[in-house]
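What follows is subunit A paired twice: with subunit B in the first complex and subunit C in the second.
Moving on to the complex of A and B:
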């Protein structure tokens, strides 16, 4: 139980660091002076001290939605697979609940975008709705494939099973699912090539456009939600697709796990430096690749024999 | 007349009452808005009673009588406001579609009862078992019930009929009447037409998957809020059919408990759809009542004037989008789980095909979220887009009470899901299915299990409690911080924000419409008043997109064209002079003689060609004659 709670605290603390890490790696590769890894915490503290400015046109939704954006993600943190063998994990939650919680958070984020009557908000919501509608099938098919390889639909149990008996005979299927999931990780977290979190240009904004009118503590909540979402996806990727290093004692296992998270963040940063953002109407092609890989993963799994 | 009250019938009586009682309050509040009150009252109560009659009918004649009564009363209810534009064609269409289905039901009953419509359902099973072509009966039932339920390709009447009806009637029709068709499927497939070949289940699954996708895609392109909701009914009927089809498939494969699980999922979604769709139609009705327009582009900002409508609508929207921890999520979770249990099937081609249904259902889920963000955001959030929206107020207490009561039904389906599932289980056991309740809730009501090996688990109540607790903690922390709040107008990069600068519903669905343009084939009208000499500057402009449903365009229009063509020739035939009739008789005699020679004696291409030429010339000269 201590391991469980400290894992959640660890993930919460790591969330802003990982995003700052991606930024720092990108800056370093572009010969800029990298930001500090603690920048996320500084921004958070700064936003907490500010007053909130609420739009005159906004309704009660603006005052409630930021909490509902963050809380499903915080709840999802409790349901992630364990990072060390024998540690406590929640066994009664399956992957659908997890994707449902993520969708709930996105739902309120999109409503928030429409609340302030700004054309930017509507634009961001419309684009986000488009992208997340196409993410959904790929996500569910990938999850289905992985959970069959793991022999359990429960997300925690799947992580444990994969670490204990890695399905060697289904490595091809496993790799296809991993590729698909990685594309989804990029798309759902709004990273390049799907969305650029660093610009505020109306041609490219998706996530930033929705929260253009959010300030102060509300903005802090939304920013935290973004970083928590990234840490959820990164740790799902680490537990499901990099299933090793769990046999150690809690502390070394946690170290390995954190290493894996940073590896995922590094991969995202490298992709961001090396690709340009896609036009919105090219994004379905990328998601189409994810869908095709998810199907391939399922089909190879079935054809090679369960 | 004979009635039966077995658990399935009682279950659907319960469904009708759950849907109708809140509707009564809402109707009471809506009544002053209606001119022909007695017409409305009589048909409204007759409609509810006839629905009750259908589900408790014990033989063919009672069933058909109440079924027809249900169709006729609902037809008259749509006609409550006949002077509104589009109502008459919509009712005519509805009248035609509902009787199209009725013909097939009648055929089914005539065959399945051997002509004696007064025998009970149990005896019908014996007759059906000896009938040589059970697939014929299956198609009769499918056409009969699906034309009522509104599944592809018999769904085209829904987006016309539901918007034309007064809102409480739309809520009843979409929420409850479509479910009567689902009752019919449960009653006659599980009771009378059992057992099934594998193909039937697959057909139902395919129809379900197609309906769900088609429904949600056309909902997205819709601007009329009630037509949008009607399209979502098509989607949800599709989801119910996916569950039903999986149940049939598992049953054929001998996986009894998985089949029960899928049927329970279908029943659960039937109840859920009844609750949230009624609530959504009531909400839409309240908005319509206050703004006097169905056009979603004229709404906006209504959450400020109509908080109760807005928040109950939000509950229903979250539920229909299948987001946790709502009841919509639970039933869709069950349907997903039964699709995922397909990995235990040994038939490889079926096993490889079911992921496509999963894909369809998941895409539907994603698009439904997009659609309800659009419907909710454009209607209730932002600035008022028209004077009508600016003058809106909260509706009267009776209507409010109706909406709150229906919200209560939604919440009860969410909180007491185990009790409802127990009811569904009892109904299915009474039809000779394997009970699945103990397998779904093996450790008490907290955790809901999939019955498949290594299936998923969900804990609706724990999920709800944890979400509430975390949100509450965050809100408490926010209060404790004591943040100062300041109002300021929306920052729009130096421009002023106004009602016209907001995103419209058309714009919101733009990316999706563009991505699926191969399906929509939208007709765009762009009109601009350019300033002379300045190509890119304009004083006034308007942009409109119209999407005409594919099925209507291809299937129905071509049928209509063929019927026109045939009737034209029948008309010509009926208005011939007597000499032409004589010529026709002569030609017919010629044809009979020639064909007799060909079929009865010998056949040679040469004489056949010669005779054909003689026939054509004689028809051309004698019957068609010269062009006037």
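Moving on to the complex of A and C:
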């Protein structure tokens, strides 16, 4: 139980660090002076001290929604697979619940964007709806094939099963599912080929457009939600697709796990530096590739058993 | 390990299908050949077959490094267009690719009973054969068609290494010389295209 709680605390603490790490790697590769890894915490503290301004047009939704964006993600943190063997985990929650929680958070984020009736917010919300609707089928297919390989629909149980007996004979379909899930990770977190998290001026922005007129504490909550979402996806990737290093004691296992999270963040940062942002109407093509790989993973598993 | 490499082989080929830039296409082709060479090395090491180890090494040197480089140099010399949008829209390709995969996986089923060893490899190499054919069909420019032809050769090589217990060395060398001939022919073809422009 101590391991369970401390894992969640660890993930919460790591969340801003991982996003700062991505930013730092990008700046380092672009010959800039990298930001500190603690920049996320500094920003959080700064936003808490700032005045909170709410638009006159806004309804009560603007005051409620930031909490409702963050809370499903915090709940989802409790359902993640364990990071060490023998640690406590929730076994009855299946992958669809997790997807639903993430979708609930996105739903309130979209409402928040629509609420203040600024044209930017509505645009961002419609784009977010467009992208997340396309993410869903690929997500379901990927999860299906992973849980078939793991032999359990429960996400925690699947992580444990994969770590205990890795499906060696299904490596090919496992690889396809991993590729698909990585594309989804990028799309859901609004990283570069899909959305640029750094600009406020681009007409193609998605996430930033929705939160353009949010300030102070509410902005701090939304930023935290974004980083928690990234850490959820990264840790799902780490425990479902890189299932090793769980046999150790809690501390070494946690170290290995953190290393895996940073590896995922590094991969995302390298992709961000190397690719240009896709035009919005080309995003379905990228997600289509994710669907192709997810489907390929399923049929390779079914037909070939490879 | 072999399963992983085969998965990577198919994945790089599928990604190449959706690429619309020539240099990226060459990069994916090079990665495709690299996985093929590694596969030959792994299988050769397992069977303790020196001929296959050699072919694996030659594959990596020739197909993963030399041919993409030569093609890049040639395309630069002839000023070929670096933008090669596929003729088939991505929306349709997304439906076409899984259809081809399902079709070929079931197509390979009767054959797989005849092959000793792992039957999956036959299915995957036949499906990559069809996917390379799609790569040739969907492009109008010469350069991607050439890459499609070369990856078709890769698919045949995969079939040769995995379905049989190693092809005779002579056959492999013959295929490589064939490939070099093909490069010469491609050179002539590019000259022609330049003359027509």
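Methods note: the second predicted complex is superposed on the first by the 303 of 306 C-alpha atoms of A that agree within 3 Å, B and C clash if a C-alpha of one lies under 4 Å from a C-alpha of the other, contacts with A are read in each partner's own complex, and residues count from 1 in each chain.
Heads up, the rule we're going with is that contacts are C-beta pairs under 8 Å (C-beta built on N, C-alpha and C of every residue); 3 or more make two chains touch, one makes a residue touch a chain.
In this text, all values refer to a predicted model and were calculated from it rather than measured experimentally.
Once the two complexes are laid over each other on the shared chain, residue contacts for A:285 go to subunit C alone; subunit B is not touched. In the superposed model, A:170 lies in contact with subunit C only, and not with subunit B.
Applying the stated contact rule after C-alpha superposition, one finds that A:34 touches neither subunit B nor subunit C. In the superposition on chain A, A:299 makes contact with both subunit B and subunit C.
For subunit A, the partner touching the most residues, choosing from subunit B and subunit C, is B. Touch criterion not met for A:197: it reaches neither subunit B nor subunit C. The contact surfaces that subunit B and subunit C form on subunit A in the two complexes overlap at residues 284, 291, 295, 299, 303, 306. Put simply, subunit A touches subunit B in their complex at residues 48, 51-61, 67-68, 70-72, 74-75, 78, 91-97, 100-101, 103-104, 106-107, 110-111, 113-123, 125-127, 129-130, 132-137, 139-141, 144, 147-148, 151-154, 212-213, 216-217, 221, 280-281, 284, 291, 295, 298-299, 302-303, 306.
Contacts from subunit C toward subunit A in the complex involve residues 1, 3-4, 6-8, 10-11, 14-15, 18, 90-91, 94, 97-98, 101-102, 105-106, 109, 118-120, 123-124. Within the complex, the subunit B residues that touch subunit A are 300-301, 303-304, 307, 318, 321-324, 329, 333, 336-337, 340, 343, 348, 351-352, 355, 358-359, 362-363, 365-367, 369-370, 372-374, 376-378, 380-383, 446-447, 450, 454-459, 462-463, 466-467, 470-471, 474-475, 478, 481, 483-493, 497, 499, 501-503, 507-512, 514-515. Listing the residues of subunit A that touch subunit C in their complex gives 168-176, 179, 284-285, 288-289, 291-293, 295-296, 299-300, 303-306.
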